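Right, one structure below, let's go through it.
Chain naming follows the written order as A, B and C, and within any one chain the residues start at number 1.
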Amino acid sequence: MTSDENVDTTNGEEASEIAVVDSLEDTIWPLINRVLSSVDVTPERGSIDLITQIPRSDIIRALQILKDNEEVQFNYLRCLTAVDNESEGVDVVYHLYSIPKNINLTVKVNLPVDDKTIGTATEVWEAANWLERETAEMFGITFNNHPDPRTLLMPEDMTDTFPLLKSHPFAEIEILQGELLGYDRENQGDDE
Amino acid sequence: MNNGIYGIEIAWLDAVIRLHIIVGLMTVVVMGLIYVERKVLARFQQRLGPTRTGPAGLLQSVADGLKLVGKEDLRPRNADPWTFELAPYMVFIPVFLGFVIVPFAFGMQVRILELGLIYFVATSSLGIIGWVMAGWGSDNRYAMIGGMRAAAQGISYELPLVLSLISVAMVSQSFNLNDIVLSQSTYPNLLWQPLVLVIFIIAGLAELNRTPFDIPVGESEVVGGPFVEYSGIRWSFFFLAEYAALFIMGLIFAAVFMGGWAWPLGEELGRGWQILLVTVKTSLFIFLIFWIRASVPRLRIDQLMAFSWKILLPLTFVQVLINGAVLVYDAPLWILTITGLVGIVVLVRLIERAVRPSPAVNSEFVSVGNEGAS
Amino acid sequence: MVIESAPDFETQDLLINVGPQHPSTHGVFRMILEVDGEIVKDLIPHIGYLHRGAEKLCENNDFRQGVGYMDRTEYLASHNAELSYVMAVEALAELEVPERAQWIRMILCELNRLSSHFMFLGAFGVDVGVFGTPFIYAWREREALIDLFEEISGDRMMYAYFRAGGLAWEVPGNFEERVREVLVSTRQGMKDFDNLLTRNEIFLARTKNVGIISAEDAIELGMSGPTLRASGVPLDIRKSEPYMYYDQIDFEVPIGTNGDVFDRYLVRLKEMEQSVSIIEQCLERLNDGPIMPERMPRMLRLPEGQEVYIRTEAPRGEYGIYLVSKGGNKPWRLKVRSACLSNLQALRKMSVGQYVADAIIILGSIDIVLSEVDR
């Protein structure tokens, strides 16, 4: 992935960072960097799209910039979801698409485990309404100033259980299906 | 058959016997109509319809009737007792009252009334009260909505129906159904009144609450309409009334527009031929109704009302005026044919204009070719 | 037309509850309509009746078992649902899918688009009020298509035929002839629908200028698929971000002008014609070859710290799979981006101010499958 050139710096971290940034030249990173110059962005090369990490304090402002800026015009919110990284907190992930420019961007925000609040993206795109409702009820995230914070798929009174967190256990039958029904045992046998 | 002609001179006994014959005939015919409708609709939709109960499914209606009789008689707790109970009868009885004047053959009707056509119109509009009673008495939101819609629709389409029948009466110079039939020995009335024929069929569909005017019983919206709380025999009353009304409308159509038993072979025919002719003409009408049901979507309530008041009614008025002019000045009757055909063209144009807002906006499709999106 | 009451005349709006059981075939969906006379003032949808926790379950099942869950999230277009998932796994595992498998996948996905759109036409006809004729026509065509799928994968609806890397097994020997046979009857079926509904005055009166949503609103709400294209937005993932071999195929994408119910119906009807043309072109290019890569690991383990978001054009819109892997043979997080959920958000905006009878038709025109909305 990163080309190991002869970068002679004393600090290994800086070297890898420069190398990472260099290898993103062929993606849309220079464009995003320019547009989001007022925001602290950390890029990463994803499998198809560019992934950017933005701190929680700047996220709504950054999303608004991404939508309004003429060079990028991310006017389409594709997907909004969260990933539970257990002890490292919960990542809220936004997938953005620009219809006029045909470019994609993934934005991630990390929320600490004990304080899962974040601003709402419904101010930016209306599509975020139901997507945030679902993420909130599945992960226990609170989106501040959301216009309609009811549960979407879960029953109305189920506000204390968050099914998609890793700490929420599987039922016994589900564990049976996944782990105990032969797929792990295949490594020993020679069937199929 | 002991009819008044052949023996019994006591008027009321004669009438009672005729009515019994009619009622007996009706039940069989209605059950047969239900079966025929299912078969015809099935054929339009490329399936078979009832095939298992009895030979070729002929006993299907009997089976349905037995099932309905055996059902529990449910009554909502808060249903208004008088309106809920009486509604089926209020729908059923006016339809049967209409049978008094219908001519099956020469001398084969219950009574010859001088104002037969007016009597028919009067009794057919009584049925609407029954629908509203069913809707109100059921203590159910959907039933009430259905009942209101039925009332609105029924009242709106009464007028074109009445006026179309009056136009025909003008041409035949009588309200007596027997005279109307006899006056058509050489030419049927539909030749002189083509526009009125079309309007009669449309208004008849609406009075019968049949597609495309079956909003009150719209299955995918207010399920079942005013009859949603009725079960078993009570519900079957409504159903039978609908098919009996369909049959009467067919008979009136045959008598008034196609010359009943008198055209095309004159009035000296034997009774068998007369009944056959009437049956064929009625079947034509009924088949047309079934055909329309299988092919056409349903109109929305406001479109339905607009269609009646803004399109059908003015056209019928114009037709009546033209009729009057032609008859007063003794002009030849083929003028009526020409004006009628022009009227049909006008009707079609008006419908098209109402549906497509001007200027003609068609969905012109811009196709995205291989250059990709945006 | 609403008659204004005098200001001190107190009226109460009627709350009508539609669902969860419907006479129209839409699945378990409940909406509460606040109605003033015949005009809808507000619409509150309630979903979640069919939520089965597919995303959570997939975290406990390895990458081959996940396919079965994916086709149950969209049972009318299962091939398209499986496609996104296997493409995501292949992207992370860096598997190269052989050419023959790709062509067969394309053919099956387009055939599934046809059968899904037929289902839409049938259910839509029932909603509009034609008693049963379009429904039976639709089912007649679907039977032909589903019989073909049964010959290939053994199942009529939830196929589980795609695998990460290719297909589960080889298609039957007479695949090409069978597909051409099915296409002949499909063409006839589409013509039947065209004759029955498209120029029918009552159908036009019911569907024109009903349930309009503008292009800006549609983009803002994140809609996709034919519902978005009917509003005039030329966005089709097969054209803008081509996957498989769609860039080698010549086809057009119909776009609507008005954004009303009639346009959504017509866009789908025209899309079906394009699908038939795509299938024929794919059949010409179909060649022999393997259907799985040679070096296929028996247990797929994906590298750590990778994630991907794959989007494909399913019949209802953009069906996306967001897959996060932290090593091992099970996904860490699998998110299904369902097209119907985003399209359903627009229902309220489209229906407020319309008649009650139109609210049903608008719901039918969005073409939702509840299993995708609820997963």
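Just so we're on the same page, a residue touches a chain if its C-beta (ideal position, glycine included) is under 8 Å from a C-beta of that chain, and two chains touch if they have at least 3 such contacts.
Nothing here was measured: the structure is a model prediction, and the numbers come from that model.
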item	value
Most centrally placed chain - per-chain CA mean versus overall CA mean	C
Most distant chain from chain B, judged by the mean position of its C-alpha atoms	A
Chain A and chain C, separation of their C-alpha mean positions in angstrom	25
Chain B and chain C: spacing of chain centres that average the CA atoms, whole Å	42
Centre-to-centre distance between chain B and chain A (centres being mean Cα positions), rounded to whole Å	64
For chain B, residues that touch 2 or more chains besides their own	372-374
Numbers and ranges of chain C residues touching at least 2 other chains	235, 240
For chain A, residues contacting two or more additional chains	99, 102
Parts of chain C lying in touch with chain B, wherever the complex brings them together	1, 14, 16, 22-24, 38, 125-133, 135-137, 140, 196-197, 200-206, 208-209, 234-236, 239-240, 250, 252-258, 262-263, 266, 270, 355-358, 360
Chain C contact footprint on chain A (complex, rising order)	46-49, 51, 75-79, 81, 83-84, 93, 95, 99, 102, 104, 106, 125-127, 129-131, 134, 151-155, 163-164, 168, 170, 174-175, 177-179, 183, 186-187, 192
Residues of chain C that touch chain A when the two form their complex	47-48, 51, 53, 55-57, 60-62, 64-65, 91-92, 219-222, 233, 235, 240-241, 298-299, 306-311, 318, 320, 322, 324, 329-330, 332-333, 335, 337, 341-342, 344-345, 374-375
Residue ranges of chain B in contact with chain C within the complex	41, 44-47, 141-142, 211-212, 214-215, 218-221, 223, 293-303, 351-352, 354-357, 361, 363-370, 372-374
